[in-house]
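Alright, structures below, take your time with them.
What follows is chain A paired twice: with chain B in the first complex and chain C in the second.
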Partner chain A sequence: MDQFIQQIITGLSIGSILLLVALGLSIIYGSMGIINLAHGEFVMLGAYAAWMFQQRFGLGLIESLAPIFLVVAVFGFVIERGVLSFLNNRPLDTILATWGIGVILQQAVRLTAGGELRYVQMPESLSGSAEIFGTSVSLYRVFLLVAALALFGLTWLLIQRTATGMKLRAIIQDRAMASAFGVNARRVHGLTFAYGAGLAGLAGALVSPLKSVSPEMGTGYVVDAFMVVVLGGVQSLVGTVFSAFILGELSSVIAFLQNDTVAKTLVLVAIVVLIRFRPEGLFTTRLRT
Partner chain B sequence: MAFMQSTTRAPGLGRQIVPIGIVCLIVFLMPLVLDNDFLLAKLARYLVLGMLAMSLSLSWGFAGILNLGQAMSFGLGSYALAMALKLKTVPVHTGAEGLPDFMVWNNVTRLPWFWVPFEWMGVALLAGVLVPAALAAGLGWFMFRGRVTGVYVAIITLATMVVVNLLIIDQQACTGGFNGITDLAQLQLFGITFDAYGRSTYYLVAVCLTASLLLALAFTRTKAGLVIQAVRDHEARVRYFGYDVAAYKIVAFALSAAIAGLAGMLYTIIMEFASPTFLGVPLSLSVVVWCAVGGRQSLVGAFLGAVLVAGMQGVLSESATFLETWTLVMGVLFVLVVLFLPKGLAGLAEAIGARLDWRRRSQARPGATLASREPTEAGL
Partner chain C sequence: MAITRRVLLRSAAVFGTATGTGFPHLWFKNADLAMAANGEIKVGVLFSLTGTTAIIEESLNKATLLAIEEINATGGINGMKIVPVVEDPASDPATFSEKARKLVVGDKCVSVFGSYTSASRKAVLPIFERQNNLYWYPTLYEGRECSKNVIYTGAVPNQQQDEFVPWLIKRFGPKFYLIGSNYIYPKEENNYCRKLLERHGGEVVAEEYVPLGHSEFASVINKFKSTQPNVIFSTVVGDSVVALHRQYRAAGLDPAKMPMASLTTSENEVAAMGGEAAAGHFTSAPYFMVHKSPENEKFVAAYKKRWGDDKVTHFVSEPSYFQVYLFRQAVQKLAQRDITPPNIRDAVKGAEMIAPQGKVRIAPENLHTSLWPKIAQAKSNGQFEVLVDAAQWVPPVPYAAYPGQVCTERGLTQI
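Up next is the complex of A and B:
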């Protein structure tokens, strides 16, 4: 029983990492229709940025979160402006282009920072553990959960309560009409992609104390995060939250009862079946069009 | 004028069969020029990868189905032949009672049921083509009957391949797991031994390549092939005409998988092993890249794209100057192709050809220039 609770809590922590990575992906796909295969590389950039700030400037992880967000967001903005903005209405080509960009980013990091594994220090104040339901849980994992939920709340506020967020929603509904009313779709798309990239960077920075940092670390996240986005429904941010935690718990619990391969296989098969019968995701209502 | 742009105009047969003929002739003449068995084997490897890319162009370029799991068919073909060749190895490599060595190490005492048919080479050769085709047909039925399109097809195919890959790696005792199936016997057919570094293997690859290029070309020229291209350009309209869109898509998808399976079998002969990386995500994405670089709407283009890019990767990764930077070069090149050559190198060649053609005609008959211009095809 004790182990089972441990497993549930591990699931929560997997879920919060998934949410962090999937949130940016979801905004980018939901609003721009871009399947961003370079998303994993943004995660990796964030982790490297965390390592750089720690090594070069002696900043702790928490203090460097804001600059990490900015750095990766700038990368995202440049990539959107330089490449993706030319691929409007060619969604399948964006898959190819972002994959190429991912390859470039990976190799560029390997050349500049070296290919060996790097390690990021966990903030001292968070390195302890707490008692929850009689099981000891690492404080950092609790912090991850809180951070993921806070970032989700912030994103939701930005989309629902700011002028740019409103323009974004208008573009999603009808790009041509929004443009006719004077919304600068190019600018909004640039900002959206930058924000999504920045979120991925934060995800990378936040997981960096738990995992070793390497140029290839991002690739594993993309497929998983995509499954989260599809499961939740591309138009629904709340769906993303639920599906992240459902997938996190499912993988963790099935892995505990059976093994990792069975867990991964079952989750993937479930998603394939889901796409076939509910392509709009679990958490969106079918719209009549 | 949108309907004008989406009109599918099948290019004349001559415009495709000529490049295919030239390419195949060059492939057959290569051994006369290249008097080095090692280089020839390497070339054969690139030709097989080209065949794989060509198979994807059939489903992606012609039917509009972006299959991110094309390597699944390739890998299954590769495993089918490897299983048969493993059972033919000398007892040193098979361990007790004819069981493959890795099964002995994993304490398997009886040959698993799905290995038994592979005692017969004929069955294995058929399975290498039919198993991928049947699997693709089943997956196609599942997807296209439910009208799954576009990006979702890409995700489903990718996820399916990852599942198969996980299962193969997980079933260590029956599949060799991470190591794949190694220490294979050489394929013997009609009294000919196909050694990886032998001329016979090269010619086998050349014959299979030519046959599958011609088969694919013939398919695109049949009525089904033409309907498929119409589906790619405007699915709803074809459906309104009363065609069973899903059935046509399933056929194209399965044919593409069958050719990929054949390529996979050839790959096993050349590499002398089968590995889970043959149906991994990196290879699968690479196939898409090759296809895009060469031109997904051209069979020869996709084939040449693969030979060119895979060959360049080979050369660059071996040269000292580019050892560190070749992936960077490939990435940049790739993004440029997506941006500026949406129809790949074949599209570029076609545009240059059309331009020369147009100039010649306009000199001959001034005033008839507009009518002779090609309608532009809508991108995917």
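Up next is the complex of A and C:
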């Protein structure tokens, strides 16, 4: 029983990291239809930003979260304006362009910050562990879970309850018609992409105390993020949450019973089988077409 | 010039006479001097400067170049300069093989220093064997290889484990959890570890492999908790080492009760994870940066002066450094026209020198190196404290886990 609870909690923790990483992609891919292969590099940028704030200015991780979000969001905005806004409705070119941006970012970081592995200090107050249902859990992992859910809540509110969110939803439904009603699609797209990039940066910063920081770290995350978003259903934010935790629990349990190599394989097989029979993912939003 | 039948016949005649007399160099001027001509000895330096293993291979490249520069600054070898030809194989075995061919066939290097991963060594091996050239491999590895064309200056399993495993059993207890990255090196090391455990009354509570580059160890750590081993025997490599240590610490496990004992965690990895995550865990290797010897102090000072004060030396960069000196020793014994890879190999058999770790020797029978195993504990300042220092050097046994198989000068033999 103890082990069972422990595994459930571990699954939640793995799921929360997946959710963190996938949230930004879900916004960008789901609402703008942009397949952003540079997503992993945005995550990497966030981690490096956390490292830099700590190294240069002695800022703790929690204090630097807001500036990290801003830095990566501005970066995303520039990329959207400078490159992607010229590639509207050209998905194939967008894939290539974001891939290229990813490669450029990786090399740029390698040249400026160096190729060595870096690490980000865990906040002292969160480095202990807590007792939950009789099993000890790392406080930092609990914090990640809370942070992931909070960011999801915030994002949901932004989309459902703000004017910009409403415009975004209108554009998703029908871009031409929304524009005809005076919605500035270009501006909304820029903001959305920036927000998604900022979320990815936050994810990178938040996971960096548990993992290593290197120029290539994004590659793994982008795969995870796409897995989550595709399984959850491309346009469904709620779907992203469910699929992140389903995948987290699934890999946690399989890894415990077998090992991580088997877990990785079986989870991928499960996703492939599922989208074979349900290409739209677990959750779908109905669209006017 | 078009190749006419006459030209072809003529060159065939010349070639036939030349080789027939046994003195081709009388006929083809400088044919055998090409390998060490104009007062220069060309060697290849083949470490990845880009790609996934660049992080560590860059330091090997630096140690190699440092040794070459030092030798050249003190007059080179018999008045000849060593000229390094540096290539970047980009952490990709196929590129390794392509660049090795270029160094050996195109640049006519007499030796190549290179490689970190076993995959890249295996990729270049056929080239060195076919061309009868010489490859100097500085990394600790899984053993089970016996080539006349590779000089192995890193540790093989018996040199890292023979002392380490019984020491761990005695100090912490018999229950071992074997965790490694999923490829050949950890599997062979664990295979040997199991044999030692059997011999010394230890037991394996679990043996597990995670994918290369894996960074989520939550489930693994749960298994540590549920199986309660005395020792976590780790052969996890690369950035996974960092994630494992940091998550171990975040989970509130205590290195004093359930330490990780590693064959792969060096100063380099410790710098990447931060001293506080590494503190209390153990590593067995022939070299640590804090080792006290005049040779090591000189090496560390020279390394920092050349490459930066924040740089660390570690148990792969040290062999990268001293193997160039062994190369010098071998070439010194040869007349200029005899400087060929097979002659260098023969001259290096049995060669000894005082390396930073202690006096090392190339075993003539298997071209591996006698080394000085040490057991050390990581401290929060990012350095190690050496707890056990071998009383004498330990000769290499590349087939230690395979009774009946011995690497000899004639190749692998069964007894």
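The criterion applied here is as follows: the second predicted complex is superposed on the first by the 280 of 289 C-alpha atoms of A that agree within 3 Å, B and C clash if a C-alpha of one lies under 4 Å from a C-alpha of the other, contacts with A are read in each partner's own complex, and residues count from 1 in each chain.
FYI, a contact is a pair of C-beta atoms (placed from the backbone, for glycine too) under 8 Å apart; a residue touches a chain by one contact, two chains touch by 3 or more.
Quantities reported herein were computed from a predicted structural model and do not represent experimental measurements.
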After the alignment on chain A, I want to confirm one thing: do chain B and chain C clash, or do they fit together? fit
A:Leu87 in the overlay: touching chain B, chain C, both, or neither? Say first, second, both or neither. first
Check the residue A:Lys264 against both partner chains and state whether it touches chain B (first), chain C (second), both, or neither. both
Considering only the touch criterion stated at the top, classify A:Phe277 as touching first (chain B), second (chain C), both, or neither. first
Which of chain B and chain C A:Met227 touches, first, second, both or neither: first
Just to be sure I read the superposition right, which of the two partners does A:Val103 touch: chain B = first, chain C = second, or both, or neither? first
Where the C-alpha centre of chain A sits as vertex, the angle toward chain B and chain C in the overlay (nearest 10 degrees): 60
Would you check which partner chain A:Ala66 touches, where first means chain B only, second means chain C only, and both and neither mean what they say? neither
For A:Ser127, select first, second, both or neither according to whether it touches chain B, chain C, the two together, or no partner. second
Once the two structures sit on chain A together, report how near the CA atoms of chain B get to those of chain C, whole Å. 5
For chain A, which residues belong to both interfaces, chain B and chain C? 261, 264
Spell out the residues on chain A that touch chain C in their complex, using ranges where they run on. 3, 6-7, 10, 13-14, 17, 110, 115-119, 121-122, 127-129, 136, 138, 140-141, 209-212, 214, 216-217, 220, 251-252, 255-256, 259-261, 263-264
Within the complex, which stretch of chain A touches chain B? 35, 83, 86-87, 90-93, 95-97, 99-104, 106-108, 111, 223, 226-227, 230, 261, 264-265, 268-269, 271-272, 275-277, 279
Which residues of chain B touch chain A in their complex? 66, 142-143, 146, 148, 150-152, 154-156, 158-160, 162-163, 166-167, 169-170, 281, 285, 288-289, 292, 324-325, 327-328, 330-332, 334-335, 338-339, 342, 379-380
Hey, which residues of chain C end up touching chain A in the complex? 50, 52, 54-55, 58, 182, 208-211, 213-216, 218-220, 222-223, 225-226, 239, 242-243, 246-247, 249-252, 269, 271-274, 277
